[in-house]
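Note that chain A is present in both complexes that follow, paired respectively with chain B and with chain C.
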Partner chain A sequence: MEVRETEAVVRFSPETATVYFSGALRLANVKAYDNVAKLLHAAAAQVGEQPLVLDFKELKFLNSSGITALSLFVVGARKAGKPQLKLVGSKATAWQQKSLANFQMLWKEVPLVIE
Partner chain B sequence: MTPIDTSSDLQLSGERGASQRGLTIGGRDALEEATEILEEPSKNIKRKILISINLIVGSVVLLHVVIQLATQGHLPAPARDNVVLPLIIAVNLGSAAYNLWVLRGEHRERPRLDRLTRWVSIGLIQLACLVFVHLNPNTATSVLFDQTLSILTVFLTGIIIGRGAAIAWFAVTIASFVFAVQTRGVEFEYVLMTRSELAAMHGLAPAAAQAREAAATAEGLTPLPLALFAIISLVYTGLTLAATYFEAGLIGRVTAAMPVAVQKIQIAAREKQRLAQENLRMGLELDVAQRLQAMILPRGAELQRHAGLEIAAHMVPASEIGGDIYDVLEGPDGSTCLVIGDVTDHGLASGVVMLMAQAALRTALEQTAGDLVPSLVRVNSVIYKNVSERMGDARNLTLALLRYHDGEVRVAGQHESVIIVRVSGEVEEIDTLPLGINVGLLPEVDDMMVESRFTLALGDLMVLYTDGVTEAESPAKAEFGTGRLKESVASRRSLPCDEIVRGVFADIYRWIAGGIVHDDITLVLVRRTA
Partner chain C sequence: MSNKIYGDFDFVPDVLVPEAQLALTLSPSELTAHWQRCGLLSDFVAGYISTVYSGDHRDAMSSIDTAISTVFQELIENAAKFSRKREAQINVRIKHFSRVLMLEVENGTTPAFAQRFEEYLRAMQERADLDAVYLQILEAKIENAAAAQRSGIGLLVLRKDHAVRVGVRFSEDEQGRPTVTVRAFQTLEGV
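After this line comes the complex of A and B, so read on.
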């Protein structure tokens, strides 16, 4: 499963139960993130009881609309109680230090790994 | 905008760019399409005519060679024909092959080869015209019959090469004709034999008949068989038909293409008009949004009313407003409440969310007697219900509230950091990231908003800003950043607040060096004076 945007690719790998984000996501508004949201929901349905990993290491940029869209997904998962989420970020990318902590604030039990 | 967004403005202007290309229908410009439709019928006409002429000439000469070789075993004048005739065949069939190739779209056309094949094909026919008229053993029939190919060639030259070439050939052919007539002699008369004269001639003794033929030949009147004229006439007729066949269809096809082309042009015109209206509407909307945002910002005099504080603030809205919010309100017991925030996304809706947030915030601060966390929770509830539930929009905002009283500052809510420039020049940065979450993102945020405190000594400066400041981009796409902001303020710390604000903005403008202001830029400077 894969979503391709102008500057970014979001790909779900069922083998590793991981959604890989790469490139730069600068879509115009939250609505424009519908395809990414659909992929996340489909991935969530597929992993079932396993934790779903969101890997942002290769994502250089995510705008506020993207953060909102991802936040809504995290909040939805918290409400439903599944899937378990795990966030993986990179120390090298400035936005991740700040914003990934924000996702964790939405759901405190979500483990955050900054590599 | 939340801390990391610099791009939405770019994205939106990108979208507007797409609608400016609104002339495109299915990815192509309607006007371009109209032009193509009108050009299409005439586009390959020259090529088709040239191919048919090449094929006729080439195959006729080839046939001639084959027949001669089959019946005579050699060509009529081997020294000349063994070279000239294969050359004519090669040129014509080569030209036909190249042009067919291009016509079928299997080969890209090459202007040089196009010109070469046209000129050489027509040139050979012109040469043949002159040869037929002037080297014909019968000078009487050359004026009467062979000249018709010259006449036909005026037409062919005009179609294949152009008007100028046709006129030039017209001049040549007239000169050639005059010369041929003079060669024959103007006094020459075509006298037709009566039946009895013909019978008398056929009745001549072989010797007398031979003498007569020799005399005729000597005078350039070699007898020629009618079959030869019939064949040549057929070739000429074929050439004329070939040229006319494609040319005659042209007018009909252009006429048929007209309504479709006109329709395309009308679509283009309508699109252009719609686009102009859309631009006007968007211009008005942005104008309204900017005015709404500016309307609710605190007036200059209001900033001066706060005991013990010197406050200066300035906001520069982006062309498509980014929904920055700042406010300075009087709190209970002589305290001062400062507000700084940034709505996600851009445009009129962001401006409207900013207005709602300001109104809700003012009400909340008054109702809670300036209690920061409950105020944030209330504002969150209002924005979530109005924006997410009612407007069906995912906009939300970073929002930090600060309350100053007697040298102590309480702060709650998540936004950019708060920068403190101590009177000594020492710079501190207070992270608001752990103090909350975007307002309007979640229905309930009770457990997420946190209050923190710090002190402000006499002469200390406090800097509130939005990401428009730190993410202002240089032409090399480098961000202004908090480092430069701290330096810009610290180096001016002895100046009045309004001069510091002006100075920092001057630094930012120097940094972006005439580039685009992607996002609203807001800066609030506060100094403890008592």
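After this line comes the complex of A and C, so read on.
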């Protein structure tokens, strides 16, 4: 399962229960992230009781509309109590160290791993 | 209307001579029609400035490049979205002072947007805990589908997560129409 945008690819691997983000997600507004949101919800439905990993290591940019769209997903999962989430980022990308912790603020039990 | 200023708009005095500067004039429609241009501009501005640091460690230069592009992207996106659609221009001015970078984006806008933006800035000014403001905005979006479609966190994220000083000036053009000028001051050390 994959969403391709002009500068980015978002791919779900059922084998690793991981959504891989790569490239630059700088879409025009929150609505423009609908396809990404649909992929996340479909991935959530597939992983069942397993944690769903959101791997941002290869994502160079995420704009504030993208942060909002992903935040809505995180809060939705928190309210539903599932899926459990795990966030993975990279030390090498400036925004990840600073902004991935924001998702954790929305759901404190979500582990954040910066590699 | 006299100018109204919020935040750190005059963080670097206008009389200071920059080491490098760059100015661009754009129209909002050319950005909204081809949204990818916002990213192209952000990467161009970031590359233009960060090349100065090419003698530094490669990771440091890459980090500066990404940080500049991230900040400029939020400013240019806002100008593209919230400009008056007709006869409006977006004026970009970049000034690089040693380790401080000023990114300025000015655009003509509607009275309704200017008012809404000013209310937002006043609310931000009154709250010291930016994490709490951030959480409040995002939680409100869960309850309100219309609000969820607007991001509204761009400048807040710049201040909160990127240690960027932000200032905004509200003024009028010669025809009395509102003009918004946003300045972001970014320290290019340890980004």
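The rule is simple: the second predicted complex is superposed on the first by the 115 of 115 C-alpha atoms of A that agree within 3 Å, B and C clash if a C-alpha of one lies under 4 Å from a C-alpha of the other, contacts with A are read in each partner's own complex, and residues count from 1 in each chain.
Keep this in mind: contacts are C-beta pairs under 8 Å (C-beta built on N, C-alpha and C of every residue); 3 or more make two chains touch, one makes a residue touch a chain.
Keep in mind that this is a model prediction, so the values were computed, not measured.
Residue contacts after overlaying the shared chain place A:76 against chain C, while chain B stays out of touching range. When the two structures are aligned on the shared chain, A:19 is found in touch with neither chain B nor chain C. In the superposition on chain A, A:27 makes contact with both chain B and chain C. Within the superposed three-chain model, A:105 lies in touch with chain B and with chain C [touch as defined at top]. Of the two partner chains, neither chain B nor chain C is touched by A:40.
In the superposition on chain A, contact is made by A:95 with both chain B and chain C.
Look at A:85: by the touch rule set out above, it reaches neither chain B nor chain C. Residue overlap on chain A between its contacts with chain B in one complex and with chain C in the other: 24, 26-31, 61, 63-65, 67-68, 71-72, 75, 94-95, 98-99, 102, 105-106.
Chain B makes touch with chain A in their complex at residues 1-8, 10-12, 14-15, 344-345, 393-396, 414, 433, 437-438, 441-442, 448. The part of chain A that touches chain C in the complex is made up of residues 6-7, 24, 26-31, 60-61, 63-65, 67-68, 71-72, 75-76, 79, 92-95, 98-99, 102, 105-106.
Of all residues in chain A, only 24, 26-31, 61-65, 67-69, 71-72, 75, 94-95, 98-99, 101-102, 105-106 touch chain B in the complex they form.
Residues of chain C that touch chain A in their complex: 32, 35-36, 38-39, 42, 59, 62-63, 66-67, 69-70, 73-74, 77, 81, 131, 134-135, 138-139, 141-142, 148-154, 157, 161-162, 191.
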